[in-house]
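Each in structure tokens, the structures are laid out below.
Both complexes below contain subunit A, partnered by subunit B and then by subunit C.
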Partner chain A sequence: MTDWTSSSVVIRHKVGLHARPSVKLTQLAKTFAATVQIAGTPEGPWIDAKSIVKVMAMKAKQDSTLYLRASGGDAAAAVTALAGLVERDFDEDRAHAASG
Partner chain B sequence: MKDKVGIVIVSHSIDVARGTADMVRQMVGDTVPLAYCGGNPEGGLGTDVAKILKAIDEAWSDKGVAILVDLGGAETNSEMAVELLDAGRQGKVVICNAPIVEGAVMAATEASGGGSLEDVRRTAEELSPQ
Partner chain C sequence: MRHPVELKGRPASDGIFAGPVFFLSTADAVRQASGDPAIERRDFDAAVAAAIAGLGALVAIAEGEGAEMLAFQIALLEDDALLAPARDLIGQGKPADIAWRKTVDAEIVGYEMSDDDYFRARATDLKDMRDRVLRQLSGTGGLGSQAGAILIGDDVPPSLFLEADWSKGGAIALRQGSPSSHVAILARARGVPMVVGLGDIIRDGHSEAAIDGAAGLLVLSPDAPQKRLWSAKADALSARRDREAPFLDRPARLGDGSRIELLINVAEPEELAVLDPGHCDGIGLMRSEFLFRDGRPLPDEETQYRAYRRLLDWAGDKPVTIRTLDIGGDKPVKGLTPEGERNPFLGLRGVRLTLQRKDVFTAQLRALARAATHGNLKIMVPMITLSAELDETAVLLDQVMADLARDGVAAKRPPLGIMVEVPAVAVAPELLAKAAFFSIGSNDLTQYVMAAGRDEASVAALGDPAHPAVLRLIAHVANYGRERGISVSLCGDMASEPRHLAALIAAGLRTLSVSPASIARVKAALAEIKPI
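Right after this comes the complex of A and B.
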């Protein structure tokens, strides 16, 4: 029985979990050693948050809830970081500001 | 930057190659070595072994280089370019069987996370019907 650290967050991004947000989520997930999974419902199906192809194929929409879970040494940090990224709308405003 | 797998984009059209590279830079960022080429030596549509070799050189990484191509000649000329590399480099270059734009973004995302050359190729090819 795997011990999961879980969280959920509502996707506010106007186009949902599309290309650019998916890339950011995957890149962040890859910085953790823990197994990190996401799903559109609490029951799953759970997919590997480190797989860009699978994350993009999820096509999670705006105002849908994203369920996160992680297992491993840095699981709690991974869940907190990923939920934070989604809550901050994938840092897109900041990216736009930086690019002028 | 050289601790990440490099990405090379080879299209018949320099505009497609440049546009694909722009998408990779904007979506994935600039942590991955990236080079592109397109067009024949006369500036028309086509591909050119010398340009492909130059692009491989630009994007070179000790972790290897993954090439994304569009149609027929892009693939055969890329294979020819790989054959012209030093023996030591040949084994570190793969041509991905994936759509050029989507494959480049997926491959670069995997590369940016520190994936191996085989991880990068598998990620790009995961898109294609098996």
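Right after this comes the complex of A and C.
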């Protein structure tokens, strides 16, 4: 039995989990050693949050809930960081403020 | 020795070029399979790595949405979920190119079947990524080898255009494609000759060709007399370009040294990727229609804000004049423009339409006011006829400013100027003295003054912007602006044509907005003009 650290977060992004947000999500997931998975329902199917192909294939839409879970050394940090990214709407406004 | 083959297509970007041909399409580039899975695997991994490296270099020069889509391709190429099936097929003895194509095509089907427009559009990115790796595998690889050649293919993605080296000339000839595609826009901005819709171009041993972008002509394997003719044409063009090139990064001046403010007209933000802001004094006309394409959902405030921000970031502290939505006339957008108008050019277009669609207008003004905090932004309203239309727009902008202030959103009220294109305004500009600036739209002004539709080939000869009646109106507006301290510029096509410049300077204009590809040419021509 794997020990999972779990969380869930609502996607507010206008077009949902599309190319730009998906790239950010997978890039962030890859910075953790833990196995990180996401799903569209609490029951799964769970997919690898480090795979852009799989994340895009979820076609998660705006206002849908994203379920997150991770296991491994930095699992708790991974779940917090990923949920935070989605909550901050993938840092799109912040990124733009920083670029100007 | 091949016989010459002449093909006629549609002009997409002017210019003449003769040189070697370079066939692009993956159908033409076949990999020689080694038959050894270990070698296929090694070549495959090397091709993916090379494609990622190439994309990384592109991201650095691409702008905005283009850069984001390149980052998406990189993420895909770094994803084992995509690479593993291809490697498995290679392990089973399939050649690397076939294994890769099969794997990616299976993925593309999933995107193409989607009922979501945005998702379906990503299929193009996957194809671009697929072909990028296939080019590496077939040895046609990095496009460095293409410098100074005529690229021939079915269609080319914008990323490939950005990747190519155009410093030694070159041209593009496409079997399919469209003059309004992004690549055509980039080609025009960069001055690369391009012809589209040529139909079947058979490789068949052709190693050189000549292209005339304006005529939409491609000649494969030109014979000796043809070659002489084409090289004379190409030499004349390149001699002219050589003469003009030194002017590119100098400020625009007349023969007496007096300064001309030279701005550029931009239709697509992607154009800016190939332009240096140091070569102009700012953007004199940014058409906002690129955000409102027919058949796509209307852009929300956030999307517009981001797009306007990118323009301002590019321009630094130079002015950026963004024209509010100018659809109608010859630019219909489903769901916005009225259908069945008997004479759309005299109908509900420009500000006449946006004032009836306050929801759309308000979102655009909000996005512009927010973006204005990041640079020197000006708002230009098209198709103004009466001062009441400008007043109503100003009230709307005040309301937008009040709403943004109330919500604590950072914003700045940009100066509100107008296009002078309706003869009523050109005749009586004093009725619009409240405008922050005038920009003369000589294309529409000419068609309205001469009563000759821009899209009617049969009356094209009447549409002469240098007709004394048009020039007199231009001079009238310029003089009025000078007396009242209202800046006046001209952003129609005539400003990009050297033969009209003397007349425009004589009419009193000192600010011009031109097509990006004509900057050096216009500067060189201005330097010849001695103002009276």
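In this section, the second predicted complex is superposed on the first by the 98 of 100 C-alpha atoms of A that agree within 3 Å, B and C clash if a C-alpha of one lies under 4 Å from a C-alpha of the other, contacts with A are read in each partner's own complex, and residues count from 1 in each chain.
Everything below uses one rule, namely that contacts are C-beta pairs under 8 Å (C-beta built on N, C-alpha and C of every residue); 3 or more make two chains touch, one makes a residue touch a chain.
Values in this document were obtained by computation on a predicted structure and should not be read as measured data.
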Let me test your reading of the model: by the given contact rule, A:59 touches which partner, first (subunit B), second (subunit C), both or neither? second
Is A:51 contacted by the first partner subunit B, the second partner subunit C, both or neither? both
Look at A:26 in the shared chain and tell me whether it touches subunit B only, subunit C only, both, or neither; answer first, second, both or neither. both
Is it subunit B or subunit C that touches the larger share of residues in subunit A? C
Touched partner set for A:76, first subunit B, second subunit C, both or neither: neither
Going by the contact rule set out at the top, does A:18 touch subunit B (first), subunit C (second), both, or neither? second
Should A:10 be classified as contacting the first partner (subunit B), the second (subunit C), both, or neither? neither
Subunit A positions touched by subunit B in one structure and by subunit C in the second: 19-20, 23, 26-27, 51-53, 56
Footprint of subunit C on subunit A - complex, ascending: 14-15, 18-20, 22-23, 26-27, 48, 51-54, 56-57, 59, 92, 96, 99-100
Please give the residue numbers of subunit B that touch subunit A in the complex, ascending. 26-29, 105-106, 109-110, 112-115, 123, 126-127
Considering only the defined contacts, which subunit A positions touch subunit B in the complex? 19-20, 23, 26-27, 30-31, 50-53, 56
Which of the residues in subunit C come into contact with subunit A in the complex? 68-69, 71-72, 75-76, 78-82, 107, 110, 114, 116, 118-119, 122, 125, 300, 302-303, 306, 309, 312-313, 374
